[in-house]
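The next block holds one structure in the form of structure tokens; read it before the comments.
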Amino acid sequence: MTAQAPLTPTKTVEMRDENTILEVNNLKMHFPITKGISTRVRGWVKAADDVSFFLRQGETLGLVGESGCGKTTVGRCIVRAYKPTAGEILYRNEDGSVVDLAALKPDEVRPYRKDIRMVFQDPYSSLNPRMTVLELISEVLKVNKLESSDTIQTRVGALLEKVGMRPEYMQRYPHAFSGGERQRIVVARALITNPRIIVCDEAVSALDVSIRAQILNLLESLQKEFNLTYLFISHDLSVIRHICNRIVVMYVGKVVEVSDALEIYTGPRHPYTEALLSSVPLADPNGREGRQRIHLEGEIADPSNPPSGCYFHPRCQYAKERCKTDAPELRDLGGNHFVACHFAEDLKLAAVIK
Amino acid sequence: MVQTTPMNKSLAPTPEEHVTESLDLEVASQWKLMWWKFRKHKMAIIGTVIVIIYYTMGMFAEFFAPTHFTTYNEQYVYAPPQTIHLFRDGKLDPYVNGYTFVRDPISFKKTWAVDETVVVPISFLVRSEEYKLWGFIPGSLHLVAADNPRDPFYLLGSDKSGRDVFGRIIYSARVSLTVGLVGVALSLILGIMIGGVSGLIGGWLDNVIQRLIEIIMSIPTLPLWLALAAVVPLDWQPLQVYFMITVILSLVGWTGMARVVRSKFLALREEDFILAATLDGVPRGRMIMRHMVPSFLSHIIASITLSIPGMILGETALSFLGLGLRPPVVSWGVMLQETQKVAVLAISPWLLYPAVAVIIVVLALNFMGDGLRDAADPYQ
Amino acid sequence: MDNTLIDVKDLKVHFFTDEGVVRAVDGVDLKLERGRTLSLVGESGCGKSVACRALMQIVRNPGKVVAGEILYNRGAEGGQAEIIDIAKMDPKGKEIRDIRGKEISMIFQEPMTSLSPMYTVGNQIIENILLHTNLTKEQARDLAIKLLDQVGIPRADRLVDEYPFRLSGGMRQRSMIAMALSCNPNLLIADEPTTALDVTTQANILDLMSDLQKSYNMTLLFITHDLGVVAEIADEVAVMYLGKIVEKSDVYTIFNSPRHPYTQALLKSIPKIAIKREDLDPIKGMVPNPFRRPGGCPFHPRCPQAFAECKVLVPTTTQLTPNHSVQCLLYENFANRIATEQKQ
């Protein structure tokens, strides 16, 4: 299989370093709000607002936050299901050249679709029930002419085996399979193009506990085997803790903290991260009486009408006057730990792992 | 026999080892699953059988009707229905009874009554009156006919010209049922095209189409039909009138279909599997034909089945009012026109049999449509 | 003194479908102690929800309670016992309707589906109060506001007149709790009440529920698949698998020294925040198709410790300690059973 040449000459943009495969800079995705039959725009839902982070080759980056924080939107911008409103998504090709995916027109994205794939949350809705497993997995090869039709079956069969399914099952329809098996099919479908990056959008959230572990293990072993880079989007901090090397925490369309995985759990620097972590139920009843939880007052801000200053200030127990007016920038605290809080250095925040 | 040695390894299946119920289910396509679901619906199956019988009879009316719908016998006017007797003198020898004159004691009018002493022999699968099937295949085989074509044989009575009501109902089925089918097909084509444009392209075009549909839907159907039907020139050929009526019926009928198609397209745009196909780089045409249309085709089939009765009733109503098809074309509505006079109805109530035919087929189509609608989404 | 509120004995709920009979709940024994929280935990399809619905006789068609007793002591705590069998009641009868929503109430996973969109939150709480008490409309309204305030809804006097769709998920679940508490129930059944909520909201609701339980001295039956939530809220834990309770004990015993292979495997398969492991230990295979239940112990095809007898003998309940029971042949002396069952 030959790598297709990009349709547009790649811009001579620089990325952080050789090791970075994807870099998101100031990504904005605003959705218009219209009402009734008129097409007049009444406002914007700022689903992602100034999101910046980067992915290193071969790592698993966790993107966490509660519902409505924009994590799914960011994932979908990266796979270019959406055309971002503004910002850059820099992608380093295998030959080292860099392209800004955010700037490409829809048909120019096509060559990159096979490099950046997606695993969906719900294995019931993401597989067309009217197509067989073979048709589902091989469609991308067919429509992009990535494999000649006589070898497609062999290739799909081999991959099914890799994800722990019998190749004979390829003639079956999705309704013949349970949720866990379907998710294996979804993973196979993402893998069939030999991608370099996989965006996993809540890939295990819809699965039962015992099946979840199977799929997590599968994803990990595939990562080792194919040198994959994962962007792992999830609301489940235990899963994120298990699988991720680094973590990006989002709140109402903004990145509030980025750091190495362990550091988030041992020393969070943003009050929202602290509250989020303290809310996670620990599967361990011992000493639960003494455990202190941080209660967040009020509701998550409305992304079409966010509060002034720091979006988190109405719910933050450490908020000061400045937080109401000044929006904090995401800044580097050193050691690859980024945080968007004015008082990150001064706060003594509780950690979930001592 | 019981072993006590641990055998943990051999007992444990690997994750991919999935014991399957039956291989049929796993490889069953959408249509197979739909059929399995549909056949559980008893009323729908009965409805389907009735609909098939109706359409078969309409299609081969020449064979099923004892005589042609224009064949008349001026002698037997308003003759009452006869009953088929299969056995005579203990032997299989089907016959019907003939007629005799009686005087109505009130009006003193001469009327026919069944005379049990007269025997009219009949036969099944017999060669009788010659016909041309669909206008070009010559034949003379009938399902049932009187041995002597001049003998009266009126299973459901005769009308004012001594024509066989039973035979005419069968010939009417051909006209009335195809009006429904062709009308629905036309509105389906219009509906899918306009609804598809509306749902797929969207924007201002969608807005314009939706407003247009609302306007058309807000016009009361019957006056609209009447107005359109009144425009049909009186000197048109029956065939032209027939097509005009079909077009009129479908011009009103497409709006509902267009809305269904549009909403299906809009709903599908949000589906994960459509997004997944987009990310696979599936081109637009393939997306529509391979992913979108198959997911709502079954719903469309169910809803057209449910809209055929409306078409049939529309044609019947128009013809009944004298605005639709006109003699010599025969349809259920045309036949029912004769029952408009109460006096006629009082002495020959069998002229209402076409209405019974309409009711049965409308019910049957509704049951069938209900069954199809329930089976339309086998993945729930 | 016997402190049992509900004693479920050998409960069986079967679903009679076109494809065959599904034994959703297949011989469950359960004791609910007054003022305690019992958590029923298991994967989807294990029958935990059905079992709880049976306690209120609200099993959906085509499900039926086919056997067993649900002995409910409706007498006051410490007072004269007044035991009735819910399993024998007509699901549409007056007897059970008097109990539902008054003495036993339930909250669901998705509050939006159990709150009517046509009425205000207040209307729905007031209706329940009027149905089961002799209060006047005004008193009921005051009580509704008090309850909403108690479950942590800000400006309860104004929110009482809001429609459910105007509230956030967390607020809706709080209103459901207020409604469930409106008649001071003896038992509150919570069916995955926090599964649809965000973690921060979940934490708030869990704390609210345990606070309310203490102040109302109510019995709580908490159904969940999330072992983290179980560890937070439960006093007792019952682990269900394919319609059977495979292990039952207090929460510390279950988490610190589980005995049933399924419980052990379940605990090993969840990622934990405090410990980073190289690999998770998943349970192999998957929950079998309900129409094709394995013979013998239902867990044997997935069990790492299964031996030959597991295929043929259905384990019975073994009492390890007074408050720890398990259904597993590893702990059962089944030699006699083999002899007797072979004779038969």
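When the chains are written out, they are named A, B and C in that same order, and each has its own residue count from 1.
By definition in this document, contacts are C-beta pairs under 8 Å (C-beta built on N, C-alpha and C of every residue); 3 or more make two chains touch, one makes a residue touch a chain.
Computed from a predicted model, the values in this text were never measured in an experiment.
A centroid comparison over C-alpha atoms places B as the chain most distant from subunit C. Counting C-beta pairs in contact across A-B and across A-C gives the higher total for A-C. In this assembly, the C-alpha centroid of subunit A lies 54 Å from the C-alpha centroid of subunit B.
Our note on geometry: subunit A versus subunit C, Cα centroid distance of 34 Å, whole angstroms. Multi-chain contact residues of subunit A, defined as those touching 2 or more other chains: 178, 180-181, 214.
Among the residues of subunit B, those in touch with two or more other chains are 14-15, 18. Listed for subunit C are residues 284, 286, each touching two or more other chains. Against subunit B, in their complex, subunit A makes its touches with residues 37, 39, 79, 81, 110, 113-114, 117-118, 120, 122, 125-130, 132, 139-140, 143-144, 164-166, 169, 171-173, 175-178, 180-181, 189, 214. By the touch criterion stated above, subunit A contacts subunit C in their complex at residues 66-67, 178, 180-181, 208-214, 216-217, 220, 235, 237-239, 241-243, 262, 265, 275-286, 288, 293, 295-296, 299-300, 352-353.
Those residues of subunit B that touch subunit A in the complex are listed here as 14-16, 18, 20, 25-30, 33, 203-204, 207, 210, 271-273, 275-283, 286, 291, 294-295, 379. Only residues 43-44, 168, 170-171, 198-204, 206-207, 225-232, 234, 251-252, 255-256, 265-267, 269-274, 276-277, 279-284, 286-287 of subunit C touch subunit A when the two sit together in their complex.
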